[in-house]
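In the two complexes below, subunit A is the common chain; its partner is subunit B in one and subunit C in the other.
Entry: the complex of A and B
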């Protein structure tokens, strides 16, 4: 530094590097836009294929259960492909692991959109995980269809025009459970057991619309903290004799075991998300180290349903799913999670058909807005899709779990919307699936 | 350096490091301009891991303090950035500086407590930090958004930058590329500062404290103060890393800052080679590029998506075990051994 000669040398070297930097990058022309003709109508669409993607927790704490959803969807897409695909196009389904960590979600979605060049997202799972990529998908104008979460976040057509919900949102479910309790247990003291995020919040909002005066306690747990003793004890101390849980399956198992230990035996109602008997049963046996071996604890517990599941093996839809799984599934049995994935895949096939022979990203979004409300499929209830609403299924029915043998209906199929919308009975008969198991939606134009 | 004639290399350390960083800048520009948008986004991810790992390698490699809580410090940086960037009033560079400063403050508190602890006790205390801090975000959900987290508006390139970029490369600046530039410029700056610091008096006394506390104290060094200082420097890096993370991921949520993050940072530093910045870079590259590569290999080999996804952590674990068995000094330790063997005798390093 002190000797001028040396400084000059260094400055010279700096200058060389900077020049190198600029010259080495030499300007080329603007990259030409690839405007594929004819059948390759948009990103991810070729004459032979349509590529779609999704993120799921395939490893980590959220993997049990949820990791089965994409295997179901894959089986259904394979089933459709084996029958010739949609308008002659095969559906390529790529799903990647985010371990339920939003940081990973943003990486894998980058990979799906930028590297795999998917046409659309179908069924990305999780509220915190998917909200990390909501902006990115919408600003990249990637259709973000059928998010696997009941949060109200997916229904914002103004700010997020590409994003569509799918399952009944937690508020709708909360309202229907609330009204059921109001009508059938008017004297019950109700306790709420809530996951401390949107899930619990939306569910609570729905329930309070009907039974605000019956609620004696609302206890929240932080996901990740496996000790729910204080919450369950507080519900017991408040004298709640009916507890509504808006929680994930592992907390269904934890709350059941904790209540058993505290000698607390209220009537439990769990939201659909947390009530899969097969998964809860396996979690129960794991958490109790083998002392509780199956879902018998759940006998008599109430929950809701919007899809016919494995507990109704004679239902025409379940028969279809069984057929699909037997032909194209991998290892393991058909489960309600796999059915969930297949039902989402079925809805996507409907949407793709509605988008016409040359589907575009814009086209599939418009098609869902225009025709989505009329689509009928595996669910008991219709979707609420329109230009002003990207909300998914409109309702559920309340059922009771009868041990391992299945469920019995407690209420008719009920439909409603968010806010003040009234709850009404859905009387339309649930149509059986088409003979070949593949929807046949005619595009509008 | 040895291979170059001495007179072409400036004697001043600052200038030498500056030259190195500028060369690094050229490489970064070349790489970012020639790779796909997806690689750009992966490189952006790598940049924040590398910033935090570089800070951690100073703490653990140079000063001998172990920290299992750097993920939590990144969370502090990320949440600070998220809060500041809300409402568009604060430019992102200022938000990053504030994030680093706030995290450094937290580092003073933690470092002061940690300076009295050793080995497993220190690991335990910082582990508590890693477990506890994400819980704060859930507890103060009104301010910090609870489980859902705060969404972050990632910065748009200013016109002059986009113009300059177009002037040099004639390509449009995608948002992934812009974020990668932010990340890597920050990383290069951090490397420059840390490299100078490591070669300075502080680097020497930190090493002295690490190697023999009693001797260092006899030489008149104040252990506690030096330890806190090392922790603060490291925390500031973690804060910056958190700021970059928040902008790249566009979200600060508790589930992004689990103990797994802290542990991955530590494994990155260890696999790369403790105390070496190049090792920290290498380790972070492994964190980012290995899992997708393994998953794709797995799917290519006919595994189902679920099996392929489960393969990634397995392979990472195997790599960790193999490195520890065959190269206890990490990848950089191995390189250095070959280098020494190559020049046939000890030399000055």
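Entry: the complex of A and C
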């Protein structure tokens, strides 16, 4: 534990000395950054590179699945760097492990901002974890882009002008699921299986906007407590024949397992976050020595989608991600989590291009507010970015998981906003990615 | 009604697991007079050993046996190599060393086996029995868990009460010098105590892991609840540990089901404090004076 810290300190001290030497030597001369295209326009930006950072759970309870996201983002940044970077600058991506523990998050984000001197945060993961650094990032005026969480907390441009959400928030997802259930299962008795924090709360709020009178039970689990037997038993006892889960993937596995134990077989709908069939299937695959196969266990379960995933190998975007992963990925296969990371990285490249040839922290925030709503990318739906809104993607479609891990659409792509905003169908066609796989956004001025 | 039955049965099978772990704590307490905080981490380690073997194609029972044997060796090794230098000194030293071992084993497991969740197979079905129309939260695997715990409890009681070996183990734990004068090989007894406790701990690890997800910290909650169970039972009697485990399992299941899952850890603390206030020596302690 102690050695890396000391080494880090030593490296830091060395870096300081070197920097001092360089600055004192260069004092008389012309700043060398002026030649060529870009310059060191802000913290973390040099003529050759832009440094961005993130925090992810690489170990611990939230690590399955989520730890793959940064590997995807890294692969895409490497792909862009291999093609010359953005305005001649390479993107340096540094991500650190916070084990989904907010105390660790504060520490690693401190290191990223003060020691690594990143230009921006890109895709820091988790509601409880990222909440812990929200004030710090905003008061330090570090752009805090595309938080990997669907909480409503990231959309507060007044108090947190630097922070932007990315994925559809849980309320939007809850609303769309709620309306789907109302229209297609009007007689169902609905049970809610919720993570006991903002995640479950926002999802419940969205669902209750449509099916409040159908809900017979709302059970909450404390993250970390792996015995969900009493919660599932209570849903069963309340007679719920359709259960909507706002939970992380390991709890999808645990709830399925517990339901099997109780011979409880409702229609399950899991939020996008907790439903990755490949991951949940691998968690469940070993049980009962072949009595349960991974594909069978999640078959018929409903969920939502907003990105084309590995189950659609012929989609132009999936093909691009496969190309990126084959060329720059590390160990393992392309997964939906890696695609998530790549899609976020793609959005960051768009934002960086929009910020112009000399990006500044202020510039990238303004660019997203002015142009973010028009950006089109890997997702089926547009972003809701504007000066008054830092909310991310605007909708999802409802899908059913088929036997082989693929999905079939149950609803068209639906978009909505928070509160009373109506749900409407999104009819714009989903454009294919650019030929070279790298966005080409022109700055506004 | 069905809900109550399911909470009760769920609580009992969960309680049996806490009991198994509490038995390991009782065993090591009676054999060496220290509390081993590394017990859970050692059990986690041998469970991963079993998982590695099962993954490589061996049967569940081969992995099961290997984990128990691994526990025996690991317990003896830890006692001989790590604990021996601090034995006989202040008891606190030994306890702190076990805390250090706890951290070390977890870190080592994360390096060797990875820090992510993995599923652990179960040898029996995980689907609940059906009684009439009703499916109850009691699976063939739960039966196996409870039967194993009862067998271990009876074996331990018999060991300490009826065998010469058990007497010698208790004697060397309680008074090393006197035992030595009476011809007991104290060192061997301590090693044996650690080895046996690690076997029981490994069994608890396997029972908890069966049909569930494992990761390097999966025993943490069980350590806490198992410790509460052992203290409830008075740390002395195997029967008390089992009763304590079942009580904790039931109480926590009701709390989680009727009050909310976030109150579980608080409830465990409340039970512990309440019992220690009323009966500081545990619910099942009989005599204050000890006879060896």
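Heads up, the rule we're going with is that the second predicted complex is superposed on the first by the 396 of 445 C-alpha atoms of A that agree within 3 Å, B and C clash if a C-alpha of one lies under 4 Å from a C-alpha of the other, contacts with A are read in each partner's own complex, and residues count from 1 in each chain.
Simple rule for what comes next: a contact is a pair of C-beta atoms (placed from the backbone, for glycine too) under 8 Å apart; a residue touches a chain by one contact, two chains touch by 3 or more.
Quick caveat: nothing in here was measured; it's all calculated off a predicted structure.
In the superposed model, A:283 makes contact with subunit C only, not with subunit B.
Of the two partner chains placed by superposition, only subunit B is touched by A:103; subunit C is not.
Of the two partner chains placed by superposition, subunit B and subunit C are both touched by A:196. More subunit A residues lie in contact with B than with the other chain of the pair subunit B and subunit C.
Contacts of A:233 after superposition on the shared chain: subunit C is touched, whereas subunit B is not.
Once chain A of one complex is fitted onto chain A of the other, the partner contacts of A:263 are limited to subunit C, with no touch recorded for subunit B.
Looking at the shared chain after the overlay, A:222 reaches both subunit B and subunit C.
After overlaying the two complexes on the shared chain, residue contacts for A:254 are found with subunit C alone; subunit B is out of touch. Residue contacts after overlaying the shared chain place A:64 against subunit C, while subunit B stays out of touching range.
Residues 58-59, 67, 196, 222, 224-225 of subunit A contact both subunit B in one complex and subunit C in the other. Within the complex, the subunit B residues that touch subunit A are 7-8, 10-12, 14-15, 18-19, 22-23, 25-26, 29-30, 33, 36-38, 41-42, 45, 135, 138-139, 141, 146-149, 151, 153-154, 167-172, 175-176, 245, 248-251, 253, 255-256, 258, 260-261, 288, 292, 295, 304-306, 309-310, 312-313.
Interface of subunit A with subunit C (complex): residues 58-61, 63-64, 67, 196, 220-222, 224-231, 233-234, 236-237, 250, 253-254, 257, 260-264, 282-289, 291-292.
For subunit A in complex with subunit B, the residues that touch the partner chain are 1, 6-7, 9-10, 13-14, 17-18, 20-22, 24-25, 27-31, 58-59, 67, 70-71, 74, 94-97, 100-103, 106-107, 110-111, 114-115, 127-129, 131-136, 139, 195-198, 222-225, 330. Listed in rising order, the residues of subunit C touching subunit A in the complex are 2-3, 6-7, 10, 14, 60, 110, 115-123, 125-128, 130, 135, 137, 139, 211-213, 215, 217-218, 221, 253-254, 256-257, 260-262, 264-265.
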